[in-house]
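First chain A sits with chain B, and in the next complex the same chain sits with chain C.
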Partner chain A sequence: MSRPRQESTAAAPAPPGERSNRRLFGLLPWGLLALALMLVFSQVRRPELLVEVWVPWIEVGILAFVMTAIILTGGIDLSVGSMVALTGMVQAILWQDWGWPIEAAAGGALLAGALAGGLNGLLVVAGLSPLVATLATMALYRGLAITVAGGDRIVGFPQSFLDLGRLLGVPSQFWLAGLVFLGMVLLVHHTRFGRWCYAVGDNRQAARFAAVPVNKVDGVLYTINGLVAASVAILGAMRHDASIPDAHIGTELQVIACVVVGGTLITGGRGSVPRSLLGLAVISHLDVGLQFLSSRLSWLTAESRLIVIGILLILVAVWNQKSQKES
Partner chain B sequence: MKRGTIIGGRRSGRFVLAVLLAALGLQCAGPDRDATLRIAMIPKLVGIGYFEATERGAREAARELNVELVYDGPTDARTEDQIKMIDGWMAQGFDVIAVAPNDPEAISRTLRSAGERGALVLTWDTDANPELSRRSVFVNQAPNRAIGHTLVDLMAEGVRAQGASLPGDYLIVSGTPTASNQNTWMKYMRERIREKYPEMHLLQHLTPGEDQQKCQEQTAEALSAYPNLKGIWGITSVSFPAVAKAVRDANKVGQIEVTGLGMPEQMREFVKDGTVRKFCLWDPVDLGYLTIRVAHRLKQGTLPPGRYDFGRLKGVEVREGEVLLGPPLNFDADNIDNYNF
Partner chain C sequence: MNVNDNRPILQVVNVRRTFPGVVALGGVSLDLHPGEVHALVGENGAGKSTLIKIICGALAPDSGELFFQGREVRWPTPVAARAQGMVTVHQEVELFPTLSVAENMALAAGLPMQRTGLVDWNRVHRQARETVRQIGETIDVRQPASRLSVAHRQMIQVAAAILQNARVVVLDEPTSALSGEEARWLFQQIARLKADGAGILYISHRQEEIFRLADRITVLRDGLKVWTRSRQSVGPEETIEAMVGRPASTLEAAPSIRASAPIAREAPLRFQVSGFTDGGGRFRQLDLEAGSGEIVGIYGLVGAGRSEFARAVFGLRPAEGLVRIDGNQCEIGRPREALNAGIAYVPEDRLSQGLCLGLPVRSNAVLSTLRRWTRGLLASRTREQQATRQVAGRLEVRYRSTEQPVQQLSGGNQQKVVLGRWLLAQPRVLILDEPTRGVDVGAKAEIHRHLRHLAREGCAILLISSELPEVMEHSDRVVVFREGEIAGEFDPGQAGPARIAAAALPRQGSEEAYAGRLRSSASRFQGRSFNELALLLCVAGLGLWLTVSTEGFSLLNLLTHASLWAILGLAAASVIVGRGIDISIGSMVALSATSTAMVLKLPYSPELLIPVAILAGLLAGTAAGALNAVLSLLGGLHPIVVTLGTLTIYRGLVIAMLGGKPMTGLPPEFGRLAIDPATGFRGAVAVAALVVLLVYLWMAHTRSGRHVYALGSAPRAAELLGLSRARLWPVTFGLGGLLAGLAGVLQLSMGQQMQARLGAGWELSAIAVAVIGGVGITGGRGTVLGVVLGALLLRLVNSALVRWGISDQQTDLVVGSLILAALLLDLAWRGWKR
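Moving on, here comes the complex of A and B:
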């Protein structure tokens, strides 16, 4: 994991014990990951089907890679789950009610995603707190998603479209995840734009004085988020042959959890995209592993699994906070 | 400070190690039950009385047959969570997936994949799209015809028990206008009235949605608008208690007969105070029981149409792709305390 230069300049002069703290800092997520992986792989009986089990989490991951960049700037996007639902419904309606070919309808969904994300960006640029702005659009986009089709899900897409749900035998979500991951790693860690992200998250005011185009950074990132949300929606429709208006409720929290568990600072300025991949691996395998384990432990119901995951997340968050204070 | 953190760190490292070892022990301690049939049963959601009752029945059957049962559903009635769980149980190598779909269409592709990967797929409580999902069988709680007819019979019986005569106006309070279960039941209710009680005059039914408040308001309006009203049905678990409450609040108990479909827990107070004399529903415990029994039987061989005994349930009717639990169950002041769902 490469550390961008900004971080070292922003951090206080390293105390002698910092190196060992840094190492410890990484230990808990990795330990949890080992535990979760062990759970999953000791319980799984048909490992070849794990690919299917991963798909919903890969969707979360795709969104988390982009969310990492937004959180690095000190922002947040709570509307991401609603955007997935809305763009999915836009595509379905353009195809079913407007008679567009399915490819054009997918293009329409991408456009809707860019518009929805762009509106988030505009609101943030206009000075609204990202939390408030996207809390509002979360409700707005969800409401739109539910009203455009009268609350009904739309099913029955053409077979040629559904066939794209798998490429080379692998669910297409994996390919998209690879693309988005590479794209975001390049953007955040290997371009000037990426360094701007860190600068904005570190100190928005200072970045502005240093001629960093803060508005451009916000606008671009939130728009990308909308586009990626639309891509997730399109692939979701391919997989399930359905666009569901109340899909992805609560996804934003899973996405943010992946970013934070990975160790990216929620207040911005510090973190990385690969770290979110680690966070995703931890959370997803814990969830899957606990479901697997529940076939043996009857007290591990759907509700009590939430408790276990909640406690583990608190543990990681406390750990992160502690190690960040120390370093 | 520095020393303290390092010790703290070591301790935490040990903690991680301990957790790892504990997990290892935990999973080694689990019994290996490769030999038995493994059934994953997925309700629409967990944590509500109805699906707790179906779980009790399912567990009873699983104990009798010595099969491994996982009863696991989403905490909200959402299709995507059901899909996630089904994919998970498939990777866990379960032999049977028995699901009560929240959405008959959106879940169908997942069910078809599960079937193609070797699992026995069946639906209960609510069917999936039979062609798309290719599920083997639907365990149906009660034939729609029997529910429709029973509802009308209960009303006629109740009005006569009040000492009144049948001729007069009658009203059905349903849920949403598109709910397919309710619309089918109403079709059979009309059929029964036409054939057996032509003197009952049915008013245009109400569809206030699944909203207790609206159900109550619209029932209250109907109570004042139709002086000749003799009886009201509430045919969803939301509308039935709302209708009973509206009738009680309007002091029409004893003049307006109220019956419908609901669960004993929610209707108990109305039965005790006399607002409702009798109502019906299928027994959800039996539904869960039958589902596991059917899955077990299907794993042993085929199930051609006919009548079968499934454990304590005798003479259950099996049709092409459908198993019928049997006629609905009637509840009144005498037996309502025997049921807790």
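Moving on, here comes the complex of A and C:
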């Protein structure tokens, strides 16, 4: 998204005030990020811990990369946290109760994810508002996750499976994040499908009138979301040696927050996947940095962290809105 | 019949209005006398609708004055104008589709109130029935307005104007959807209004009507007045000449850019439809063909089925019949199949159907041909830019950069971008629907030139237009649509405009059938309270079964639990009905409960503290809710984003106030408020009952409550009534916060302790209760009774699960299934009605 902006400013000299605003806009999230980074690194005494602290945020990030594409089309998926929990439970049940080998069980989890996401897509294509449809499936999938194992967590996966939790000394979540990030960047910014996503999000009717297969776009995106949620669940099981039915409650809001802070419009048509990476970086660094700081500063407790992040979210959203109106 | 000598009742003096890039009105003056019918005629784009909007108060003029009954006026809103006796019946009546017919009629004039401050529904319905009686038709005024046919909408407006004793009535194309019988009724009403001394401004394309009704005629062209003359002094010929801008005789012989050589009929047949019939009944049994290199003009009045025909050919509407391209039969069910078959369609409404306004010129231009610019799987911006530049150069689009948002271009250039998109697709058949509407003269000529050029390259072109000169000058053959059928084919070189225009006019006999067809979309079915009824049956059945079959089942316990959820459901509903959404409800519950708990911990006597504490909790909730609305309005943010942020902030405040520890040891007197174990009195149920009653009164019986529904139902139409989000959202969000706060206080009283996670995730359950209760997430739909029943149903199903021996852990499962069931039922129900 940065290239078009440069080009248009070059072609048409904007009034000086507008120009400096635009430059400021570019700087704001980066400035916040730098501040947050300073916070983090000034507090680290045992850097090896840092990686571990980050894993939950990386999981949020993986989901945020896919969510970006969904929000770009003007949709939303609230059921993503529930899908992670459900697919995790499916894998565990297939392995423990059905006696499947763990690899096959993981495949089953992916299939379950695709089905769950596909159902979301189907409901949206049928004409339900994505917000309500996925609100319903959010509760539904969570309920299923709790029901299939009677509400208990399932533990004791084979060691060979758990060993995959770290690859080359780094938690596998990082590798998955890289993969999903690259995949979504390619899909959203470098394929025909991605171009369709923007058109659908900007004006769904005009997209339909331009022969864009709108239903296909919806169906594919929600299904991908289910698949990725299942991957997060599988890696989560490796890491914790457990599938937990009430895992990832509230994750959907963190995911959406990353996308919004990155500057993707909640109403669709505008934004990008790298922006969500930036959003993730800002939120997670602040959260982690404030966590580290809280051991020093007595007033900086869990609650003030929440307040800071909430205020930040609104401020950045307002900033994005204003700067986009100007450009 | 004569124009009265007395002062004009309405005077428009030198009114100017420009839109970006277009002068819509360049200083027009007009006057209207009491008892006069003044006809306003002109082609599309002549400025008629802008003038009407200024007269009725929907649009402010840039300069010029408006005098009504001798006084200069500036209408703040159309409601204000209407209150003074200035009634406008628009061609496309803006309605609140989810509100009843009667309420729609009353809202425009302001809802009548009783002395108690509540809406006088008896009067609303009585007036509505009286109005409907004027029409002599049986219409249930309680049914949703979306079920009304276009004809009925217009007739009701006219009838309402008469009953209101209007001084000025503006009628914009009032007969376009009326049958012969209905039109005769209208003419009677006009005569009646005249006799009462009202002035009527009458806009119509139909010459016969104008010359039958009008006392004077004013012609507009290109935003300027050509002349105003009395009917006796002009004839139809002169009027057409004035509208078109050149003598009718020269119009026929005008040198045009028609094909230099007459198109040989033996030119290969490109496009052919036969027996083409619309799935929605808007056209039937059409046979049409176009040869390679031929431009076929399609002329007809609005509503003749031209656009529907084009959309059906392009796969956007279901239709039956054969489509052949170059002799090969094509199956077209989706736009993509049409595109692959070589059909392109430039839609009627550039802004809503043609362009993605926020996206760059490039994205818009290459949107339909992306496959051609991708290499392997990867799209190439460079190749897309090349393609854009090439086609933009060919069409002489004036733009700065391929990455410039298309909304920055002028109307004509935007239209060229849409045209360019389809040129890139190299179509064999190009259908253009009103391609030059709202386009300036220069761009218009260029577009016409390109069409001819395309035709020379072998494309078959169907040019749909309501402008007769455009069709006559630029097509090789003119096909006239009338009421969904082809009324005739003409050679524009031989047939005069009068003959072609006459062919487009509805015939007396068939009109009735046509209007009847339009009306058939209005179902007589009454499904208004279907939702409540179904819920009530479920609740009653399940409740009865549980009471009979379960030992120790306490209805009172059930009600106590349901109370909390009913209140939360109403909190969500009050916001959603006004087209907002608040996902910080759970945090607001906690915030209120914490505020209450903190006051209760103060070292004073409980009798003194309890009222203060409750007040503090309610205030905290209301303030939090109102803050959500204010932030959303000031920041221009979607309420989801704002409440996502405040959800975190309020929760943080809660933890800070608690200091990380749960708060216990509240005074026992406070606990007895919700449930008193000694007497068995359930304060929670009593409070909930009171709240339900109050919210019901507000939402269903007060002016502001109904305005919230109007805003949620149709924000644009609400704006015309002067209702804005800025005024109503602080109220609805504030109410939502107040109710969430009340739920927090109740929960604190029942639970007797405050811990940091209280209410986490309740926002989604609250929305769930509202949705199960039939509240439409897109606003304007839902009732208090429905929400209460939704809460009851949810609790009952939970109890039933326990009865069946399934643990109540599965609340989520039940909630999810119930929402889905409610949504799908609603969807099926609406689909079935349609």
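Assume the second predicted complex is superposed on the first by the 305 of 327 C-alpha atoms of A that agree within 3 Å, B and C clash if a C-alpha of one lies under 4 Å from a C-alpha of the other, contacts with A are read in each partner's own complex, and residues count from 1 in each chain.
What we mean here is this: contacts are C-beta pairs under 8 Å (C-beta built on N, C-alpha and C of every residue); 3 or more make two chains touch, one makes a residue touch a chain.
Since the model is a prediction, treat every value here as computed from it, not as a measurement.
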Which superposed partner A:L306 touches (first chain B, second chain C, both, neither): both
Chain B versus chain C as contact partner of A:Q321, first or second or both or neither: second
Which of chain B and chain C A:R153 touches, first, second, both or neither: first
Greater residue coverage of chain A in the superposed arrangement, chain B or chain C: C
Partner chain(s) touched by A:T137 [first = chain B, second = chain C, both, neither]: second
Partner chain in contact with A:H248 - chain B first, chain C second, else both or neither: first
Touched partner set for A:P274, first chain B, second chain C, both or neither: neither
Contacts of A:A210 with chain B and chain C, given as first, second, both or neither: second
Touching partner for A:E52 - first (chain B), second (chain C), both, neither: first
Chain A positions touched by chain B in one structure and by chain C in the second: 249, 301-303, 306
Contacting residues of chain C [partner chain A, same complex]: 314, 316, 334-336, 338-339, 345, 347, 352-360, 363, 366-368, 370-371, 374, 377-379, 400-401, 403-404, 421, 581, 583, 631, 635-638, 640-642, 644-656, 660, 760-761, 764, 767-768, 771, 777-778, 807, 809-817, 819-820, 823-824, 827
Contacting residues of chain B [partner chain A, same complex]: 2, 5-6, 9, 12-13, 16-17, 19-20, 23-24, 26-27, 30-31, 38, 40, 46-47, 68, 70, 72-76, 78-80, 83-85, 87-93, 103, 105-106, 108-110, 113, 117
Chain C partner contacts - residues on chain A that touch it in the complex: 3-4, 7-8, 11-12, 76, 78, 123, 126-129, 131-133, 135-144, 146-147, 150-151, 186, 190-192, 194-196, 198-199, 202-203, 205-213, 249-250, 253, 256-257, 260, 266-267, 269-270, 301-311, 313-314, 317-318, 321-322, 325
Interface residues, chain A side, partner chain B - complex: 15-17, 20-21, 24, 27-28, 31-32, 34-35, 38-39, 42-47, 49-50, 52-53, 55-56, 153, 155-156, 239-242, 244, 246-249, 288, 291-296, 301-303, 306, 319, 326
